[in-house]
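Each of the next two complexes has subunit A plus one more chain, namely subunit B in the first and subunit C in the second.
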Partner chain A sequence: MSEQKFIEIEVLRYKPESDEAPHSEVYKVPFTDDMSVLQGAQYIKDNFDGSLTYRWSCRMAICGSCGMMINGVPKLSCETFIRDYYPNRITIEALAHFPIEKDLVVDLSGFIEKLESVQPYIIPAEKRSLDQGEYIQTPAQVQDYMQFTSCINCTLCYAACPQFGLNPDFIGPGAMALLHRYNMDSRDGGAEQRMELVASEEGVFNCSAVGYCSEVCPKHVDPANAVNINKTNAAKDYFLRFLSPKGGAK
Partner chain B sequence: MNIYKADVVIVGGGGSGLRAAIAVAQSDPSLKIALVSKVYPMRSHTVSAEGGAAGVKRDDDNYDLHFHDTVGGGDWLCEQDVVEYFVQQAPIELTQLEHWGCPWSRTPEGKVNVRPFGGMKIERTWFAADKSGFHILHTLFQTSIQFPSIKRFDEHFCVDILEEDGRCQGIVAVEMATGEFTMIQGKSVIVATGGAGRIFRESTLGGIVTGDTQGAVFRHGVALRDMEFVQYHPTCMPITGLLFTEACRGEGGYLVNKDGYRYLQDYGLGPIGDKPKNKYMELGPRDRLSQSFYFEMQKGRVFEDPVLGKHVHLDLRHLGKERLHERLPLICEMAETFLGIDPATQPIPVRPAVHYTMGGIATDNKCETTLRGLYAIGECSNVGLHGANRLGSNSLTELVVFGKLAGDEAAKTAKSVGFGNTDSLHKQAEAIEKRVTAFKAQTGGKERVATIRKEMVQTMEDGCGIYRVHDTMQTTCDKLAELRERFKNVELDDKSSVWNTDWLTAIELDYQLDVAQAIAYSAINRKESRGAHQRLDGYEQRDDVNFLKHSDAFYVQGALPRIQYADVKITKSQPAARVYGAAGEKADAERKASHV
Partner chain C sequence: MSKRKPYVRSMDGWWKKNPFFVEYVIHESTALFVLAYAVTLLVGLIRLGQGEAAWNGWLAALQSPGALVFHLALLVAIAYHAYTWFKIMPITLPPIRVGGEKLSPCAIITGGLVAAAVASLGLIVLVWRIAA
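And now, the complex of A and B:
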């Protein structure tokens, strides 16, 4: 049996009922090489302090719950491994740019409102009844939007986005990727309806094209690309409104 | 305490809860719906389902074949009228998901494609790569957003249900971010809170799959049915239990022991053909595959590793990189991230882990429980679909088929009854608040929630594993009684109001201990072997004379659960030998011949 290894985990703690401001606490956690940072947090909660609070569930990077800043980088803690930091200290903090509710839990209500605002559902281009069967959609047509369906709503891209940090009203990368997912779906005819939001004050033109959102995305959704395409679309739409006698464009 | 009134209250925002909410909203937009979930709906555990959803699709398939696969797969403990309804509704509901945007994988012509799955005679599993549950859940959640009558209570924890005049009339929930209580009064209530697999140690499941709401309903006198049937999925990551989907085998993966031998041929699943054949070898049902692992382990033919422990290999190398990345991208990602393995060049170490609870809140064939106005759907329920062993890809379909049915039924009920007496319900709700808040006030105890939970999950694994014997089951029963006692001495570290997960897990654990007892006592009393309940102590055979019955566990305050038995509904499939591989094919031919 090899010797037990320990890692120092520094956690940004905040209990709103008793703390005036967030502060750090350091825990010395025994670990094995298969342990994730999430498991490190669980070890602290189960053995040292049951009040440590964080969101988690699936442990397999698909539910999107366990995002946190790990040594300053937004990551899913379930697929980030302690061994990759050892022997150095690991610092974990709540996701940047969101208000902290307690310890590692942030207020996501703003993000959820944004997600709801993009009309993230099929607005049928052509109605079809169930007994007519499925819509025909070729593998190539699926590829047009498939990448943008992979978003797990983990909000790491918001923690990475400097513009969201400056303007919390910015619709942001994740919600924009979702909007784009429906626009690109051959079954959908709602792009025009969604354009108002794309071009609005909260819309794509807030983006300063840093691209860090795509870099931290654990599912390779490339939200920066979705934002970019919609900048072009919104600009086109804007000019076409001037040019078209009907005052609108598809 | 806040008071909110809704026509239909739904607890649980996973696949079935969302489908039910949409059904209510579509059936009558004037009905108010409260959708309560302890996580944001898209975090629900439906998200982790990988392989796909079963529904007749191909021309060479039919309802009857899906029916017989399901009933035989369930070792004849299925309610056959329920299965008949299910197989007929399945393609309709899966098409509905398509209309709502679910990105099902397609054939080159643009139609929905299907893949083979364990225990299924014909390819009928609709899939969205290997993230089917993820796509179904997000599709349903996003679709639900367009209905203004659905009022969500996200990150609200249901602590109990309310019952008066023999009817379920609402729930009590805690807002996790504040610790505030809300009574949500309703005319009908649907429970859709998922399974109880986290009562076991090594599982594929997310941390939220706790089974606590089953415990709450149990205490209100509703039976937990067939709780002894716990599914071990054969291909899980050692230690973490993370799942490698059955689709790995559907796509043609092999299971091999340390000698490189495809051992399933020794357990009535062979012979090996030159290509994968439905219901043969790796495409056998989950219970049989997990049981085969157990015997390979007894024979010393599995790999042993100081870190990973005992395991076998899931070999996907012959499928080639391209197909793996197209059909099983999540599996490739997980193997790489968690094990540092590229499945295109290395086999994946796997072993069985707890994956699904076939048992649950007993309902009739319309999803209603014996407590009028209370419905249960999805993994938390037992409508009688899966019997003693669930076939992979039937449960995702279950979510939408019975979500829709329960939504329609609950809406009808809500329109036929009025609201109960708010004042007296409020008094009940206050008593509930007092009871669960008392955990926080408790001081001087030496027990920790985490310790008791750890001992519970270990004893459940020891006593209610893949194979069971009386003595270890009795040890588990005794241990649970001890833990029940020790739970009284829990003292929490966190006594605050905001986001107190220490407290919420204590409430969960209190209910989980009851559910664990329901499982253990149902198991020790079933003196036969059937599906996922296998004994090695003189009850190795199925016993249709005494046990072609559902076990119903009833809560008895301060005492052990009472186990009763109920008849199984048989319509067109009389119990027969449950065989796969060549023997299965022979039995199918005989069944067909006797029908002409």
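And now, the complex of A and C:
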């Protein structure tokens, strides 16, 4: 049998009831080659400190709850393997740019509000009765928005976006990707309603095309693309308003 | 009573925290070199307006060793600026479909770089022939 290997995991801890600011603690964790960083955290909780707090559920990169900064990079901890860091130390920290609630858990309430604000549902262009039957959508039309449906709301893209860190009101990459997903859907007619938000102070023009959000996205959604296409859309909308008979910007 | 006390981390020095951000700040700041070159040309234009002696003075100044080093630095920085500009082009464009297939980011970047190289070469040849 091969010798037991150990890895040092440095965790940024924060207990709101007693701490003024977060501090680091280092744990020496025995691991096997099939262990994820999430399992490393679980080992710490089970064996060293039961108060260690983090989110997780599916353990298979689909629920989007286990995101954390792993050596400074936003990642899903359930699909990140300890063996890839050994023999170096792993540092884990709550997702950047969000307020830390406790240890590795961040406050997502702002993000949830943003998700609501993009009206992430189909807004039909015109009322349709049942006997008109179902919407017909061609495979090409499905392809227009398919990639943006893959988002699992893990918020890694927010942890990768310095503009969100500097301005927490920025609607941000994830919510914009979802907004774009509905705008691009041939069954949807809500793009105009959503435009006010796109072009607003919290909207797409906060983005300076850093592009790291798309880099870290575990589902290849390319949120940077959604944000930047909507810059063009907002600019078009602004100029076309002068030409439209309804006239004038709002 | 709620024990909640969300802790907001500082953004000070954010761009130093990740190599990706360091590169971002570098390629964004190469825009200053583009500005510097635009100013250089603008000065030339002003000197031209001031008559032949001023214009010849500007031309002579451009041939000093300092000016040559300056232009070499400009060339490198602006080439890097152009390269990174095309590198982020795929995220800024709506999907381009060719024969039903989405054009790959790699094809967009290569297309952009080739177009920039051809345009630059064309310009050099044109200016060369006018000068000769």
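Quick note on the criterion: the second predicted complex is superposed on the first by the 238 of 250 C-alpha atoms of A that agree within 3 Å, B and C clash if a C-alpha of one lies under 4 Å from a C-alpha of the other, contacts with A are read in each partner's own complex, and residues count from 1 in each chain.
Assume a residue touches a chain if its C-beta (ideal position, glycine included) is under 8 Å from a C-beta of that chain, and two chains touch if they have at least 3 such contacts.
Being a predicted model, the structure only gives us computed values, none of them experimental.
In the superposed model, A:V73 lies in contact with subunit C only, and not with subunit B.
Within the superposed three-chain model, A:E101 lies in touch with subunit B and with subunit C [touch as defined at top].
Of the two partner chains, subunit B is the only one touched by A:R128; subunit C is not.
In the superposition on chain A, contact of A:R59 is made with subunit B only, not with subunit C. In the superposition on chain A, A:P22 contacts subunit C only, with no contact to subunit B. Of the two partner chains placed around the shared chain by superposition, subunit C is the only one that A:G165 touches, whereas subunit B remains out of contact. When the two complexes are overlaid on their common chain A, residue A:Y85 makes contact with neither subunit B nor subunit C. Partner contacting the larger number of subunit A residues, of subunit B and subunit C: B.
Of the two partner chains placed by superposition, only subunit B is touched by A:T149; subunit C is not.
Within the superposed three-chain model, A:Y182 lies in touch with subunit B and out of touch with subunit C [touch as defined at top]. Judged by the document's definition of touching, subunit A residues 16-17, 101, 107 lie at the interface with subunit B and also at the interface with subunit C. Only residues 14, 16-17, 21-22, 72-73, 96-97, 99-101, 107, 140, 143-144, 162, 165-166, 208-212, 214-215, 222, 224-225, 228-229, 231-232 of subunit A touch subunit C when the two sit together in their complex.
Residue ranges on subunit C touching subunit A, taken from their complex, read 3-9, 11, 14-15, 17-18, 20-21, 24, 28, 88, 90-95, 100, 102. By the touch rule above, subunit B contacts subunit A in their complex via residues 39-40, 42-45, 47-48, 92, 95-96, 98-101, 103-106, 108-112, 131, 134-135, 138, 142-143, 145-146, 154, 177, 206-208, 239-240, 242-243, 307, 330, 333-334, 337-338, 448-450, 454, 492-494, 496-502.
The residues of subunit A lying in touch with subunit B in their complex are 15-18, 32-34, 45-47, 49-51, 53, 55-65, 79, 101-103, 105, 107-108, 112, 115-116, 119-122, 124, 128, 130, 133-139, 141-142, 145-146, 149-150, 152-153, 178, 182, 185, 187-188.
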